[in-house]
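By letter and in written order, the chains are A, B and C; residue numbering begins at 1 in each of them.
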Amino acid sequence: MSREAEGVKVSELARVVGGHVAGDGEVVIRRVADLESATEGAVAFVEDTKVISLALKSKASCLIVPEGEAIAGKSCIEARQPKLAFALVAEVLHPPKRKESFVDLTAVVRESANVHASAFVGAHAHIGLRSEIKAEAQIHHNVFIGDDVSIGRRCVIHPNVTIYDGVRLGERVILHAGVVIGADGFGYVRDVTGAYHKFPQVGTVEIGDDVEIGANTCIDRAALGLTRIGRGTKIDNLVQIGHNVLIGECVVIAAQTGISGSTVIEDDCVIGGQVGMGDHARVERGAIVGSKAGILPGKIVRAGQVMWGVPVRPLDEYKRLNAHFGRLPQMHKELQELRRRVAELTAQVGGSNEKDS
Amino acid sequence: MSREAEGVKVSELARVVGGHVAGDGEVVIRRVADLESATEGAVAFVEDTKVISLALKSKASCLIVPEGEAIAGKSCIEARQPKLAFALVAEVLHPPKRKESFVDLTAVVRESANVHASAFVGAHAHIGLRSEIKAEAQIHHNVFIGDDVSIGRRCVIHPNVTIYDGVRLGERVILHAGVVIGADGFGYVRDVTGAYHKFPQVGTVEIGDDVEIGANTCIDRAALGLTRIGRGTKIDNLVQIGHNVLIGECVVIAAQTGISGSTVIEDDCVIGGQVGMGDHARVERGAIVGSKAGILPGKIVRAGQVMWGVPVRPLDEYKRLNAHFGRLPQMHKELQELRRRVAELTAQVGGSNEKDS
Amino acid sequence: MSREAEGVKVSELARVVGGHVAGDGEVVIRRVADLESATEGAVAFVEDTKVISLALKSKASCLIVPEGEAIAGKSCIEARQPKLAFALVAEVLHPPKRKESFVDLTAVVRESANVHASAFVGAHAHIGLRSEIKAEAQIHHNVFIGDDVSIGRRCVIHPNVTIYDGVRLGERVILHAGVVIGADGFGYVRDVTGAYHKFPQVGTVEIGDDVEIGANTCIDRAALGLTRIGRGTKIDNLVQIGHNVLIGECVVIAAQTGISGSTVIEDDCVIGGQVGMGDHARVERGAIVGSKAGILPGKIVRAGQVMWGVPVRPLDEYKRLNAHFGRLPQMHKELQELRRRVAELTAQVGGSNEKDS
């Protein structure tokens, strides 16, 4: 049952997030909200003392504030990272709705499939041959799971997801609606008649623990071997991950980005939206790639670099070049002016030369 | 029943579109077509007298033409906006196919759901707890509708759409196949160990009357509060709308555009395809953003501006800069030539100086 | 039954691909692999003698090598195009899994539909009125097929695909999960009140033989007439094809590319990922368009051209301009230096002029 109905005391929330109470710890909190729209029973957060005037006006019953920034007369929780504390409080107040253990009568579960007794399988879902659905996993309405698939503990697979044969998911993976995992990679070989033949797409996909993948995102199976998404990585909606791509741990990839075959993204990288990466590129640990950037095939982005543009350049250089780009008309004028001056000088000098002669 | 079979007289079509008949009003029309492919029984339109030779050759039984441009010997409808009149005529001749009121036996409708007797619910669809499907709504095959959802009158929800809990649709909304409404927004907070925690995504999505949304487009729920799509707005395929985005009325957004969290697009804007907008940007009323443009986070595009490029600039400036960009090699040559001339001058002047001294 | 279990002799594989055996032709092969991960029973290929050291270390039981490049002591197949031969061998060893002829009891097949006795129709699939599913076609779980659709022989339609009314597919077409074929094109006409009216979208989509279309790709129906994808064309994931687009034969289109209404792409073109094409453009036979390129409405790319950039330019010019772009700061410095020199010269010459007067 949700904690929203009954509510949780500020003192208990403070304990959960490792913060401490300033003011009344007995106040009962039922939901999270932002400062502006908060009403009685809500907790909001103040990440930055710049919004302090907003905080003073807020109707929230409790504020999570930076350490030492408690507001007199308000029930506050002081925390080192108020936004993080707010996220943890939300997990307590609004735990993700979980369906009861149950296999819907309209679901099709193949006999050789192994669905844990604590799992949920929704209406019109399909679980293929020899596939395993582990404890407390939630397979929602109309999910298609092929043969020989493994779905780890406490995974949540939202409606209309398709998981092809042989794909393996770790624990607590969340796939949003419309995600497709394990479709064939895009590889063909042309023969002398001009016809394209499918390059074998007989590898698979492995997704680590605590990965979340946004709606309608596609992750292709490997041609040979493995496409891999590392533990704790978060991928937004409508992203394309090609065959044999290897993505490390705790990588963040924003919406509509596309990553071509065999490219490697190491741990802790942050990739903006609508980025395109050619095949066989490598983005090393902790690098940041700005939205709409383009990375050429085979390119290496070094660890920790911040890269923007098409093709990518270090952010400083990108900004400098863009500034120059914006001054091109002025540069053009200056160049014309110089040509005029030089022509004048030539005439003058030529004239004086004549006099001299 | 479709009007295609029986046909409609030109005079009746003229009345519907507020145009007037020139020529024979008794001709029976059964379908719309373009000028080239039209055959007997078809109506086509002439928006522009430039295509008059095409119009003269057309086998269409009726032409919709600009006022005062009727063609002698042809059955014509004169209209102020011929293309608009053509669209209205098409609504008469080819009304969208509507399913009879019916709940398919294979659909799963939760007991607390409220499906109007005049609605249609297709095979393998799912209607969640307390959700309301209003009069004459069409919920097609295999649509998933979660709990506490509201679907307005005469909505059409095409197959394989997913609507998460709590989403509200106005009247006559059309969602094409594969659309996902209300998946979690993309927001995380990192802790000291480097792990990402989900920022709460507990808001919802509200979609106004007469909105149409293209195939496989995703509209995320708000973190807190509301993601909103205003009345009469039209969104193309594969578009990404982030959490807490607010889109006004009669906005048009072309395919594969992505709009990051909390960005605002006011009424009557036109947004091209593959545009990317950073978070917390604002595009004011009636602005136009060209295809592939990039809008930085926090950027404001003023009302009525026409903006192109990455990052966006006013169209005139964009064109000017692109022209200069294309002349860079020439500019480079001119610069080299000037350096040569200046070196010569320096030598000459240095020479004459010597003579002067 | 898969040939993986029983295996195939090298001599038989050589015969299939038109290569010839060098070394032991009796070796039994069970699967394809790459050079590094190959183990006993696997066949790998060597496209290029640059990887010969990798080939020498490989544990593959058979190598497919260029003609005249057999490795002593290894079982080899010499072939003119080793990668192509490898693809053909993979078709033998790993034929696509085909379901037995069967209509799942949970599928909904309308009475007037015509499903061939040798076809497969999966769980919760839907086949609409008068639709035809031809011999050996595979309609997977939860596919929605509307009315008056035609699915050719040996087509494979993966789960959660949506095919709207009237669409026609040739033979051996593969549609990956989440594909949407035949949704309404994106066309509206605005009236004087500012409201948008749907332009009629009453055409259809026709897809030729041997086309493969990637996951979550959308192909819109024509407004009037036809959207057409030619024989042998391959389209990647998350691609958008607008209404009335005409794509020729053996075209390759990478992921997340978008093609606007009425644009034409002729035979044998190669289109990169995240490309955007405006409406009414034309890409002529055999042209290549680089990733992330932008093609303006109405633009013509000539046969065989290689084009990059936004807006597209010939690749050579694109590279030259990018090089100049990267040197803008240097150009700026040179210009400043020239201005200083010219000012000095002016002073000198002016001085000498004064002396002259």
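Definition applied: a contact is a pair of C-beta atoms (placed from the backbone, for glycine too) under 8 Å apart; a residue touches a chain by one contact, two chains touch by 3 or more.
Treat the numbers as computed from the prediction; the structure is a model and nothing was measured.
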*Please check whether dropping chain B from consideration leaves the other chains as one piece, and if not, give the groups.*
one piece
_Counting residue numbers used by both copies over all numbers at the interface, does the chain B-chain C contact come out same (over half shared) or different (under half)?_
different
*Rounded to the nearest whole Å, what is the centre-to-centre distance of chain B and chain C, using the mean of the C-alpha atoms as each centre?*
25
_Can you pull out the residues of chain B that are in contact with at least two other chains?_
106, 124, 142, 160, 178, 216, 238, 256, 274, 325, 331, 335, 338, 342, 345, 349, 352
*Would you tell me which residues of chain C are touching chain A in their complex?*
31-34, 37, 81, 83-84, 86-88, 90-91, 94, 97, 104, 106, 122-124, 140-142, 158-160, 174, 176-178, 210, 212, 214-216, 232, 234, 236-238, 250, 252, 254-256, 268, 273-274, 291-292, 322, 325-326, 328-329, 331-332, 335, 338-339, 342, 345-346, 349, 352-353, 356
*Could you pull out which chain A residues touch chain C in their complex?*
106, 108, 124, 126, 142, 144, 160, 162, 164-165, 178, 180, 183-184, 186, 188-191, 194-200, 202, 216, 218, 220, 224-225, 238, 240, 242, 256, 258, 260, 274, 276, 278, 294, 310-311, 313, 320-321, 324-325, 327, 331, 334-335, 338, 341-342, 345, 348-349, 352, 355
